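Each in structure tokens, the structures are laid out below.
The same chain A turns up in both complexes below, where it pairs with chain B and then with chain C.
Moving on, here comes the complex of A and B:
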């Protein structure tokens, strides 16, 4: 079993080469482009995400990590319900569960039989439709098992979201790939604000509910699109 | 997680068979042929990988060879090669969903997306794979080699009925392929030639029997195989990411 590897875990989980199927996700960029977003507006989309969906997801990961180590038996149910309630658009819940499934497979590989990983079954909402554990919940559980500090976990979750946009831009609004790196680097101070807020969250009912109505609207439209590169 | 318990209590997992090969060589047609030939005797499902559409799944559904819900497209985020090799997560999800929904299944067929001679399936996704070329791509392709051509469990040289129209000598193309494959099987196929279709179906039946008897070892064709250029020694190219 791979447990307690500390700081290396942040690099592993944030690496775009992590084989967990995240390449199907543009973190809202493809739906935004379909709605007319231009290349020049990508930094604005990143700023919007870092203040909204990223805060909610990072906070959920932190709460999952705390649940993973704090209690016996571990129950991710309340957190999963709180996060699902703050993801009001069905296609975004579905993609969150699909992405969570990839990380879940990795968690079962790295820490088979670990009680905090086995307990991910408590995050399954029976539905219908059944909702598998959302990615922040799974990432938080795995991060805790690997011994990742809370702030690093939160930063990893935010960073992954921003990089998903930046790298999808190379396919959707192609330009100099170095621009993508610069865009992400420029978000540094807002990323730290999101991290602070995520770590300050104390219980599922306090999970920040940051609505981003356009992101949600575009996601709904995208789900009905036929020719697309990304799930969402 | 991937295992299905049969009624006898023994563990038996569905055979996962990949079909790879360049664009338009007849992969979807092979899937359709196999379903048509085998679906009466075997419980089957299909997963397709398109880059951009669900064209392959639509084609197979309209062929009516399997119930539509047993044919599922996966979306590969414009990374069709990654999805069958470096990161097979999305395909595994689809395969496991099919096994859960329609299991116990005997065979799941997976069609690759993408477009080149070097893309092959990882053994993390399939137990065995067919690599498909066609005569229309030219008689030399088999000699050019590559991981799929030299190491796939079966190499199909497809559309032999077209050979006279494209000036290809099928016997010679098959010989070239046999040389490149050091004894691994090669099948000259045309959907218009019933005996070649029967041979293809028999190959899958016997693969399944070997698999069930635990006499089949999955092989990873791997990245570009070592090969030589004229006037040079042999060497290996790095595996380029798609």
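Moving on, here comes the complex of A and C:
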């Protein structure tokens, strides 16, 4: 049991070397490039994500973390449903569940038998189709168990998304790898705005829902493509 | 400002308009209806939306009833010169109720600041077919500020919650959001008993009973044509004798 490891948890969860399968995810960059996005536009794509999908996911993680410690019995169902309703396109829900499965495996290893992790079964939506726990729900539950503060958790979720784009750029639109670091660093003030909004969210029905219609369209195009490096 | 209120119920094989109240902006007018459905036109009775305007529409369809709403004309939100306007629709569908609503274009002129909201609560077995076309700017304009919120629930569970925050042009034009598109059109089938889906590359199932087709782009005609296809595929209210009237 590794519960309550505190600040180290943020570094572990945000590390690209974390073996939970996130390398299959370009956070929408591969379909964006297929639709014509250029390397010069990547900082703008990061700004788009940090104002839309990142806020929703960070807020969902924060609510999951609160649910993990506050209630008995823990029920992630309403949150999972709220997050699914704010993820209108099916391929993005499927990817969220696939990525959630990786973090879930990690959670079972780090905190076996912890009630907040065992309760992730309550996040399964019966469907059809069945929707397994989405990644922000699982990350939030694990973050709470590890003793991560809410703002750190929210920042970790946003950072992970932006870093997924920036590091996928090395494969999809190669250039100076130092650019990737600079792009993410430039988003700092927007990241903090997203963190503040995520932490201020009080219940699933208030979960932010700002959508990015082109990101959704690209995800639908990507799901139909046979030639691809990343799941999404 | 007065709300427009439409309440339709089913009594045996008949449809009864329990309440048809003209609001400040829209008057509900019965149209010739084939058996099995009540058709109403939402007729504009005042130019809008001007600054300070609040258009409010409340639609209730009772258990087992079918309502088709027809809009003869679109709506333009004009330059609000620093003010703003709101448009809100609240829809409540009883068990097994059906609503088909082909909304006409919603145009947000440069200088307008509009908050738009569509909230639909569907009871078990209910369905709503909803078409919308958001247009940022009249011809040659970049368009004003639009914040459009959609909330739909089915049998008490959230089905789709979406917040299109298109107020700041520099933000909505980012790649991934609208990327410079001025037209955003959707046809959504919320709820139960959906007919066969259209073959559309941008079709997706919702996170519950329902599906969505959405197109965006720089001009209306190709988008309208794709929306027509989705609308026709999912339209299950009994047909009008003059199908050309459909939006």
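Here is the rule we use: the second predicted complex is superposed on the first by the 232 of 232 C-alpha atoms of A that agree within 3 Å, B and C clash if a C-alpha of one lies under 4 Å from a C-alpha of the other, contacts with A are read in each partner's own complex, and residues count from 1 in each chain.
What we mean here is this: a residue touches a chain if its C-beta (ideal position, glycine included) is under 8 Å from a C-beta of that chain, and two chains touch if they have at least 3 such contacts.
Not measured: the values here are computed from a predicted model.
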Original post:
Is A:205 contacted by the first partner chain B, the second partner chain C, both or neither?
Top reply: second
**OP:** Counting touched residues of chain A, say whether chain B or chain C comes out ahead.
**Re:** C
**OP:** Give one of first, second, both or neither to describe whether A:215 is in contact with chain B, with chain C, with both, or with none.
**Re:** second
**OP:** Once the structures are superposed on A, label A:145 by its partner contacts, choosing first (chain B), second (chain C), both or neither.
**Re:** neither
Original post:
After lining up the shared chain so the two structures overlap, which partner does A:98 touch, if you call chain B first and chain C second: first, second, both or neither?
Top reply: first
Original post:
Which partner does A:169 contact after superposing on A: first (chain B), second (chain C), both, neither?
Top reply: neither
Subject >> Partner chain(s) touched by A:82 [first = chain B, second = chain C, both, neither] >> reply: second
**OP:** Could you look at A:49 and tell me whether it touches chain B, chain C, both or neither (first, second, both, neither)?
**Re:** second
Subject >> Contacts on chain A seen with chain B and repeated with chain C across the two complexes >> reply: none
Original post:
Which of the residues in chain B end up touching chain A in this complex?
Top reply: 1, 51-53, 75-79, 82-83, 86-90, 92-93
Original post:
In their shared complex, at which residues does chain A touch chain C?
Top reply: 28, 32, 37, 41, 44-45, 47-49, 51-52, 81-82, 84-91, 93, 125, 131, 205, 207-218, 220-221, 224
**OP:** State the interface residues of chain C toward chain A in the complex, per the touch definition above.
**Re:** 149, 157-165, 171, 174-179, 181, 184, 201-208, 212, 214, 216
Original post:
For chain A, which residues count as touching chain B in their complex?
Top reply: 17, 19-21, 23-26, 98, 101-102, 105, 108, 171, 226-231
